[in-house]
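Contents: one structure, followed by commentary.
A, B and C label the chains in the order they appear, each numbered from 1.
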Amino acid sequence: MIQHPAILALSVAALLTCFMLAYAARYGTRILEKWDLHSGSELQLDLERRTYLISVILSYMLVFQILSLFLYIFTADNLHSQFTGAMCAAGSLGVNSYGYPVLILKIVNCLLAGVWLIINHVDTRGYDYPLIKTKYGLLNVLAPLILLEAVLQFAYFLNLKADVITSCCGSLFSTEKHSIAGEIAGLPNGPMQLAFFGMMAVTASVGIFFYLRGKGGGFFSFFSSLTFIIAAASLVSFICLYFYELPSHHCPFCILQKEYSYIGYALYATLLGGAISGLGVGALKPFISHPSLSRVIPAIQHRLTLVTLVLYLLFTLIVTWRMLTTSFRL
Amino acid sequence: MIELSSVTKTFNADRHNQFTAVDDVSLTIEPGRLTILKGPSGSGKTTLLALIGCMARPTSGRIRLHNIRTSFFTEAENSALDITSLPERFLTEIRRTTFGFIFQQFNLVKGISALENIMLPAYPTGENQADFRRRALELMELFSVSRHAASPVEWLSGGELQRVAIARALVNNPAIIIADEPTAHLDSKLSGEFMEMVGNLKSEGKTILIASHDPLVYDSVLADTVVGMRDGRITGITGAA
Amino acid sequence: MNIPLNRHSNILDFSLSSLLRRKSKNLSLLVVYTLIIFVIASLIFFVQALKREAAQLLKEAPDMVVQRMVAGRHDLIPAAYGEKISAIRGVTSVSPRLWGYYYDQVFGANYTLLVAEGKPVEPGNIMIGAGVARNQRIQASDMLTLKTSANEALLLTVQGIYPSSSELISSDLIILSAEDFQAMFNLPPGQNTDLAVTVANPREQVTVAAKIAELFPDTRPILKSEILRTYDSLFEWRGGMIVVILAVAVLSFIIFAWDKATGLSAEERKEIGILKSIGWETSDVLLLKFWEGIVISLSAFLTGVVLAYVHVFFFSAALFEHALKGWSVIYPQFRLVPVIDVYQLTVLFFLTVLPYTAATIIPAWLAATVPPDAAMRS
């Protein structure tokens, strides 16, 4: 294990999140078992008070989670000098087999925590807390994932040994290798660009239609999630090439560096934010018929749709602006 | 109108120190009237006020509020609102828009100014601060405590504290005023002044509910209904319309 | 009219006024919090600045250095080795280097003697580092006397002094000519301290190093990247160790914060009871506590970071440079070049604000869930 302040910081954060979530999940389970809003019993009043605590914990956790996602990538990048052959975060993450699973888990957990908070927000608007069971059911899915993430992250750090020869980002995302990463990088440019801009256009039109007419929310949610995946693949496949102005550098992490004026943060933040609110629209759809939510959900879906549209538009604008202004051509 | 049917509130249920503070109370409180809950201490008056004022939920029974406006119910539901099983979050919303509270100990926050104390109930409503500050200043004017706007409440006399407490109860412009033993710490002169102010509020059309065992209050000519209570039960209602 | 925004600004307003009302309690918390952040921030900034300093220095170092080993110890390397090495495919150039250490008995200090490439000084002249100048109390154009290994005095004229902007390694440096160096240590001609090897293609460095080791089994090629890595992990390791020790400090701070937050004074408890009774909701009180936490954390964070910045970059980390640098008598009196990046700040945030926040969640919630009718029953 490498002694590094950032590793300590990430471990501390993981430990805190785990404790907080374990606590939340424990009471979440009690709520699932004992919840009865029509009762004025002291147990019920106590459980209602606990819901506040759990909401606060989850909100803080989402913030910790998003911060730790970026700190994790940043740390991997910072550590690359310790490993022969690693030239950026991509290399450090490949030092052992835990690096990438942790990254993926972190992204998934961010999305889930975001959706949880959206559902929670809606639930607290309905005077009979209609989504309480759904919410704490989802919490019981989220908790093991967070735990798994923490365990894998510890494993990753414990198994970091300086000087292990690793593949640098040049070879990890090189087009010759047959790994998943290589396959994404090897996706043909033309069709990929078509898919990216096509999906963005489709999502935008479905979104605008839903925004104006209030119909097709499920479609919109589906397309926005699909766009998230396509956009992430495009990031590796062609978007970052325009930022690096190199035809073979497919690394999705270097754009987070100062050399590229931290543009990666804007790209990832807009993409992640758009995906969370897009997912939220779909996650709320099944509950629209609850009488106490019949007015709340459409209003919130409306706002979430706007958020997704604006964030995805920003993402597309940054990408388009770069593709047009750089002298680099594929 | 406030309608209670078979309302019971039990504390420490299923434990050796279990006790029932309000026991099977049914009562109707008419709008625009002054209703007094009369009874010795420990008779359940305060708990009943807390239940009516959406501060606590009954263990059993129903409480309905009529003609109350909320943001989360539909128009039809608003006309007869069953608040019995609403979570605290929604009870609070009703409470701060519908009820104004005057407490036995005044319950003013020390260290901050009288004006700030009056403004406090409006902070979480999300109203623009300039708006409710103006309203609070108008109320201070009305109760002639304007000169104390910036003074910490520790500097105020008993009578002034009481008027600040009433002003605070009115800042969100509630339809119903609830007062718990408001004259317990006042001399006869100040108690008389208090009842005068209650009379003014009543003539403005507010519904007023006071719990008291002070004859100055329950024997007042202003009282429309006096509800006698003992051991959590109603012992008699006088003056009911 | 924006209701959520107004609610935030109203409650933030009130939280500021509550914080000011309980000055003494909050001040002690703020002082301890700031101190913790200050110490950890100083450490992180210092390690980062040292790493940068080292990297800066090594920028000019050769890609690869070849040393000859005799009986496991570094020995002189014949110039003939260099000729054979330059014949290896991929090697651009080989330049022999002369350097060594000199102990000045009068001043009790160690100097690094180095023959610079490109002959910046003529025989009889030297360039010195600022530490040497300070130690010997000499200026440019003064004379410096060194004792040769034959115990003879060698008089040298100081041609110039290196600026002290980056002193970490140049502080104890004396640059002299090859002739003077050979005279100093009575070196046989054709022998060098080591060889600097340049390889055009960085990817071939490892291959070239392997070939050299195969060709001359008594040599040891050292790559610049290896040195960098060693420096990095050394600094990180030392820094990491201290952070671990400091974690104990953070822990005790958290207990302190927890205690402060849970040990609500009767006054404060009563106040929250009043707020709840007049129409504040649990989440409003939580928001109040959240803003209080933010205000305290941000003030402590900003103050701590600014103090640490001043400490590290204006006072050269006076509090723990001895622990981390460990130099000889000629202690470098340099000012570190100020560098802070978002990364360092994020790490700092994770190590301090996150634990504090987590420690205050439950106490805040406990305070916020006072039943609204409690104020009536008192």
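Basically, a residue touches a chain if its C-beta (ideal position, glycine included) is under 8 Å from a C-beta of that chain, and two chains touch if they have at least 3 such contacts.
On a predicted model such as this, the values are computed, not experimentally measured, just so you know.
More inter-chain C-beta contacts link the pair B-C than the other of A-B and B-C. A simple rule picks the central chain: find each chain's mean C-alpha point, then take the one closest to the mean of all protein C-alpha atoms, which gives A.
When each chain is reduced to the average of its Cα atoms, C sits farthest from chain B. Distance from the chain A centre to the chain C centre is 33 Å, each centre being the mean of its Cα atoms.
Centre-to-centre separation of chain A and chain B, using mean CA positions: 48 Å.
Here the spacing of chain B and chain C, counted between their Cα centres, is 63 Å. Within chain A, residues 49 each touch two or more of the remaining chains. Within chain B, the positions touching two or more other chains are listed as 88-89. Those residues of chain C in touch with two or more other chains are numbered 282-283. Residues 37-42, 45, 48-49, 124-129, 292, 295-296 of chain A are the ones touching chain B in the complex. Per the touch definition, chain B reaches chain A in the complex via residues 9, 11-13, 57-60, 72-74, 84-90.
Those residues of chain A that touch chain C in the complex are listed here as 2-10, 12-13, 16, 19-20, 49, 52-53, 55-57, 60, 64, 67-68, 70-71, 74, 78, 81-82, 84, 162-163, 258, 262. Residues of chain B that touch chain C in their complex: 46-47, 49-50, 55-56, 88-89, 92-93, 95-96, 99, 101, 103-105, 107-112, 116, 120-129, 168, 172, 180.
On the chain C side of its complex with chain A, the touching residues are 43-44, 47, 206, 225, 228-229, 232-233, 236-237, 239-241, 243-244, 247, 282-283, 286, 290, 341-343, 346-347, 349-351, 354-355, 357-358, 361-362, 364-365, 368-369.
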